[in-house]
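What follows is a group of structures, each given as structure tokens.
In what comes next, chain A is part of two complexes: it sits with chain B in the first one and with chain C in the second one.
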Partner chain A sequence: MNSLKTNYTLILFFIILPVLTSAQEKPIGLEVMQKVYDRPDGNDMQSELAMTLTNSRGDQRVRKIRQFVKDMGQVEKKIMFFLSPADVRNTSFMNWSYDEIGKDDDQWIYLPALKKTKRISSDSKSDYFMGSDFTYDDLGDRHPTDDTHKILRQENLNDEACYVVESTPKNEDYMYSKTISWVIKDKWIGLKKEFYDEDGELLKILTVKSFSKIKDYWIISESEMKNVQKNHTTNMKLQDIKIDFGIESNKFTERMMKRGIK
Partner chain B sequence: MRMKINWVFMLVLPVVLTAQEINLNGYVRQYTGALLQSGNEYSIVQNTLNLNIEQNRNKVALKANPYIYQYPSKEMEFAVREAYMDIFFESVDVRIGKQQIIWGKADGVFITDIISPKDLSEFLLRDFSEIRMGVTGAKLSWYKNDNTFEFVWLPVFSPTIMPAADGIWFPRLKYTVPATVNAPQDVTASLENSEAFAKFSSMRSLIDYELMAGFAWDDDPAMHLIKQVDPQTMQLTGLTVNPQYHRLALGGGSFSTTMGPLVLRGEGAYYHGKYFNTADPKYSKAVVQKNYLHYLLGLEHTLWNWKLSGQFIQQAILDYEKTIDQDENENTITLLARRDFLRETLTLELFSYIGLNNNDALIRPRLYYDLSDGFELQLGANIFTGDAGSFGQYDENDMVYAKVKYSF
Partner chain C sequence: MNKLFNWILKYPRVILVVTLVSSAALFFVMKNNSRMETDLDKYMPQQHPAFVYSDQAEEWFNINDGIIIAIEHENGIYNSGTLQKVKDLTKALQQMDEINKKDVTSLYTADNIIGTDEGMDVKAFYKRVPQSDGNLKTLRQNVRNNDMISGRLVSESETVTVIIAEIEDDVFTQEFYKNILETAKTYEGPENVYVAGRPIVEGTMALLGPADMKRMVPIVLTVIVLVLLWVMRSFKNTIFTMLVVLFSVVWAFGLMALINIPIYAVSTMIPVMLIAIGVADGIHLYSHLDLFMLKNPNTGKMEAVKDMLAGMWKPVAMTSVTTAVGFISLLTSQVYPIKYFGIFTAIGVMMAMVFSLLLIPAAILVFGLPKRKPKVGKSEKKSGHIAYRFAEAVVKNKVVTYISIVFIVVLSIYGMSKVWINSSFLEKFETDSDIVLTDKFINQNFGGTSTINVILESQDENVFKQPHVMQLIDEMQAESEKLTLVGNSFSLADYLRRMNKVMHADSVEYDTIPESNKLIAQYLLLYEMSGDPENLWKVVDYKYNKANITLQLKSDNSKAINAAIAVVDQFVDRFQKFGVSVKYAGSGYKGLVFTDLILQGQITSLLLSLIIIVVLLSIMFRKISIGFIGAVPIAVTAFISFGIMGLFDIPLSTTTALISSIAIGIGIDYAVHFIERYKINALETQDRTKTIQETMHHSGRAIIFNALVVIAGFLVLLASVFPPNRSLGALVSLNMFTSFLGTITIMFILIYASNIYFKNKS
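What follows is the complex of A and B.
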């Protein structure tokens, strides 16, 4: 009886060990996406964002924003000051995003013409940000547990070894039916991402154009979103990036929204 | 002489700005409106130059907002909407000079938002940034975490600007006999006649709220009437209307919060001792003082990419007497529907005030199109329905308009 038990243990050991070993070498999709989500990017960051919108005729519009982000533990606070075009100058937007699962972001917008700070709902994540090809959801950090992930393959992209991960939303009402991400091994940067619409057709492609190491953090400084169905693109370029600069907590208040960049 | 000074100012301004590295932005706008009745007369043909001049020097800043309204057929208006200096301390800001001060959470309704008086030259049709006038005074803001305490002192009273008496926006007079309307009696500029306001506000994850109080002047004058009676027949033969400003104390508050996809907001104020017109002969000048409540509840939601917003507003006169001209409860709703198209270059909007007491309304469909960044074309209409009430009185003033605006 004991001998049989020992045999079964040995058999199980030899069957399971290679699987475990393989699992350690080839992480499951969730692990890859969790590492992308958890990739450190500093406690605070300020930068100037230039967003160039190009339509199907090649006409371009440029939006410029000065933004500040600070991780305050349970909450990440972000404030954006719109610099151009002229008719939105001095508008500011503030977002408080919480770690607590299920807690919605708090958002406010300051409209200088009305001299009023208005609370807005953060529910419309599928809205496009300032007429760009990025939705508010695309710009945020989607939690990996919101999707189920599968590694499709491993391949090189732009001379970087990547995992190719397919992510399918658990919520069927989500705006994309699936996304496919190319994640650089060991850097945990999403180098490319394809977004598929509700009919399963390719809708948009996000391509990272430039990334670099700033203060030991891998930071994406330029990316481009192309809507392949409507043939327009948005290029997002971060300049004048400062990380762990010690942004004060009082930067993220109504006072600063109204005061603007002084 | 005044015109000459204006042009000298405009010519010298660019030189001064370059020398001092002052930020200059603003807009140029052409605005033409035509009535749908009265042989399609133009209700307005206006060219606007609006400038924002700003300079920031670390702990201090200045802003000036001069503007010009130029009309082909009447005298040009040149004025300064704001001209103030800021001083920034660690947790206190002080703003001194002419400034717009906007309080409250309501859209398009003035409940606790009573510090900056209104310019009603064109009723409520101008942009709200142009309706609210600057007031001369000092504002102190003290910040503690996400809380703010504000104190405002206005040494000089500024009343509402009423439409020209011979213009199409002058309110319809309800008098049944010939009336002579005199100019409002000025409030003497003195320390005793100054206004003071205080506000505590807090912006938190759960809710934003404001609590305010003020000792002010009512921006709108009470219409004191002197009756002329035929001594033989004892019939009323005429009226002399003497508009007078009165002191007004008020306290109120507002809030805004989200409930999932909904934004809920409310605002209310208690006005102590507001004057109302009355037909009761026991009041010699046909005015009576009553306390008064003004409040609203509003909801905002986005549905199928349409931003939808509605507000219910009630004005309630306390200890009401049936002879008072205004209804005991006057109810209004506002509705807004707005949607962007073509990557936010085209916007469709429908905004309405609907008066429930008189079944009247102001319906404002608008279309905005950005020809390029900062260059906007706006087409719209202002439709007044009903026979009486705040909006029905302008039933003859339905209009269509076009605005072209270049921002820089």
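What follows is the complex of A and C.
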């Protein structure tokens, strides 16, 4: 009896497993990426961002930015003030990013030397963010439904069990032909990501250097993007991170941009 | 020495076999080990400060030579078909292994900085090819509004657009060259596609020059063989004279291959030198033999050979040693290929001497004396009379020679003052060749196919965010663009002016450098935030203390480059005040420096070898006056050679400069043979008239044969399709002729007037 039961189970296993996995493959890839996208990170955050740019010869430039972000439901608002270098101090940048599909971000820049706020239109999320190796999409703006996802395998990376997910854009004109992400299973943090250019060649590698739990949220505090074709690297490090301190909604206005950081 | 020859003459067959086998062995070494050096950078002296700096600057700003592909559509390029081709060709170029993706610039990849009602935007002109009339018009308007693109990537006439693919120095190969041309061709119709740019010019030259030589050399050799046959009237003599040349060439290149030295472009001149110089030994030896046989028709071959060697080994050895030393003086050059050229030509000359003194006697002993046709004797007598009369006439009318020489020297000095150096590659081609026409076409429509980079540098970071420094750069660009040959210039100043204008609602009065350093910094930050900052790093470095200003020139010739540099140099002091230094970079500039180096070296070694030759001749003939007299034909040849180049506007280049060393090699041969014979005759006869007559008959005859053979051979090169090979042929022939004429006129008169070798001085 026992052995018969085992046999039945085995047969069931062999018949059903392939069906199950093939049926689940598509949703699972998307699910993983959706979970990364939806990972809660608080309603608001302020921090000091140190952005270090390193070119192929090893020259470095460091920019320090004070930034405030607030999720306001349909729109996420972000305001940034340059602290250094001195000649751009108090140059500020504001970005409103909308959940509504197809709606472009609104962006403003305030140049204190010109004493004027200017709109910068961004019709493309593939623009590079402040001369870094990150595009706006790379910083987490891209919605998972824009791509089709496939789990390639599961493996350990830095002692974390990861899903390795390949994402291919539905729009063929997108700047990447595909990306491959290593996502930590229980934390839904993308630990590493490879970006392939239009011709299928490896373009950039994103590596998360450190993350920590702040107020129950998993927050990435240091990440590095290396453009392997240009041999240019951007390191972004967040310090003095404060989450859910309750930033006022009226912080995100042109008036505030002009006021600057005292 | 005679003992040595006597010993050698016992084993003529051994000598033949040894020479043949050793030369054959070296031929195989040459065949298997030789390699051509095609990387032009390998030619440059790597340690020279100008090159070190230029290489460094090229790396800082990713300065590379660009292949320019122009696409022309008669009705204008703003139609979806042409724009599609621009996109496809851009992508095709980006796909090539030799080209880095980011190094391709076209309307498809360019950034468009535009002013909007509320601010500024940096975006592509198009990603998807615009189809509708409206979109095409918008694109056209965008280009028209943008000074950074209009006139640079799209011609003012809007019928031509260019794609520029920059490539690194070491990736250029023949296959890549063919691949580029073939790829471009597939995009033709209804558009015309043109390919230009320095890499293409260099590639065409590397292909055309040797190909032309390959075609011409057999014809040159045939003509030389025919003329040799005519003057020597003997197959055997001709064959062995040519074998001496052939073996010396094989030894020179074989040894080169043996010690693993690659063949450089200038090394291809070695056979040219050896042909011109090597035939002389054979001609003089056989000529001596002929005259001996004429006087002593019934002697045996052993005796004839012995007389030939006894009478001729000295002048043959002396000419070869002096010629070789002349070439060895090229070691003073800073350019390695030229050093090698000097050494291996010297080796070839010495080997030609060895072979003439071994192979020719051995061949006579083994294969017998050359057969002579009966009527020859008569014509010899006749030629003897001509020589006698000529000798007397020269002496009688020496004033004519003196006056002519003064006239020629004065004219030559005037001509020499007009000699100019040209490092241009393009001007080596026919004026109606495809490559020149294409270049002209692109130069008419755009800023220019050649570039020079002005590199500004300072210790202070952010100096190129200072308004006064940027304004000075802007002023310098404006000043240089006043030259008609400077079609365009490009620097960080162009970005700043463009952004300042755009941020002020496209108002023309703001097409200036911003007044405040903070505003400049903030514009630049804004640009980095909106565009691809990679473009900025081609004009300024990360720390804003190095800047690159590109001047586009309509010509790559030295006059054009120097004119542009002269304008920039006027600004050096003003930049100095801001702690900014001015230097130059780029392959055009390196070419200029390189040519200068070669010529300096060439002139130094020319003077040096002239001194060495005077010393050597003085020692050999134990008379200082002979040293100076012997150097006269060389000096005359050099004067005329450079004088004619100046008068006929033939610029000095690496090839034409090297030919001057042939003047030494050949001039010295003539002089030594002549003086040696003169000395022998003088000591024998102690009769001045008889001496000059005999010398003219004996040496004059051999010299005229030698001159005839080489001149005829090299005149063939005038039919060459590659202009540098044509000037090579013309100048070698000219040098042969003037050396010959100088020897039998002015030198002849001087030695006659000097009374040397006559005890009775009356």
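Everything that follows uses one rule, which is that the second predicted complex is superposed on the first by the 232 of 262 C-alpha atoms of A that agree within 3 Å, B and C clash if a C-alpha of one lies under 4 Å from a C-alpha of the other, contacts with A are read in each partner's own complex, and residues count from 1 in each chain.
Basically, a residue touches a chain if its C-beta (ideal position, glycine included) is under 8 Å from a C-beta of that chain, and two chains touch if they have at least 3 such contacts.
Keep in mind it's a predicted model, so treat the numbers as computed, not measured.
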Problem - Clash-or-fit label for the pair chain B, chain C on chain A - result: clash
Problem - Partner chain in contact with A:Asp104 - chain B first, chain C second, else both or neither - result: first
Practice task
Using the touch definition from the top, say if A:Phe93 reaches chain B (first), chain C (second), both or neither.
Solution key: second
Exercise for the section: Check the residue A:Val62 against both partner chains and state whether it touches chain B (first), chain C (second), both, or neither. Expected result: first
Handout entry: chain B versus chain C as contact partner of A:Arg153, first or second or both or neither
Key = neither
Exercise for the section: Once the structures are superposed on A, label A:Pro85 by its partner contacts, choosing first (chain B), second (chain C), both or neither. Expected result: both
Practice task
Kindly classify A:Asp199 by the partners it touches after superposition: chain B alone (first), chain C alone (second), both, or neither?
Solution key: second
Practice task
Considering only touches as defined above, state whether A:Glu254 meets chain B (first), chain C (second), both or neither.
Solution key: first
Exercise for the section: Have a look at 81-89, 117-125 or 261-269 and say which bit of chain C overlaps chain B after the superposition. Expected result: 117-125
Exercise for the section: Could you pull out which residues of chain A sit against chain B in one structure and against chain C in the other? Expected result: 53, 55, 61, 85, 87, 113-114, 116, 118-124, 127-128, 130-131
Fill in the blank from the handout: Contacts from chain B onto chain A in the complex sit at residues 25, 27, 56, 58, 61, 88, 93, 100-102, 105, 127-129, 132, 141, 143, 146, 148, 201, 203, 205, 208, 256-258, 260-263, 265, 300-302, 305, 340, 343-345, 372-374, 376, 405, 407-408
Practice task
Within their complex, state which residues of chain A touch chain B.
Solution key: 53, 55, 61-62, 84-87, 89, 96, 98, 104, 106, 108, 113-124, 127-128, 130-132, 232, 250, 253-255, 259, 262
Completion exercise
The residues of chain A that touch chain C in their complex are 53, 55, 57, 59-61, 82, 85, 87-88, 91, 93, 109, 111-114, 116, 118-124, 127-131, 173, 197, 199, 229-230
Handout entry: chain C residues within the chain A interface of the complex
Key = 59-60, 94-95, 100-102, 116, 118-121, 123, 127-128, 462, 465, 503, 514, 516-523, 525-526, 528-530, 532-534, 537, 541-543
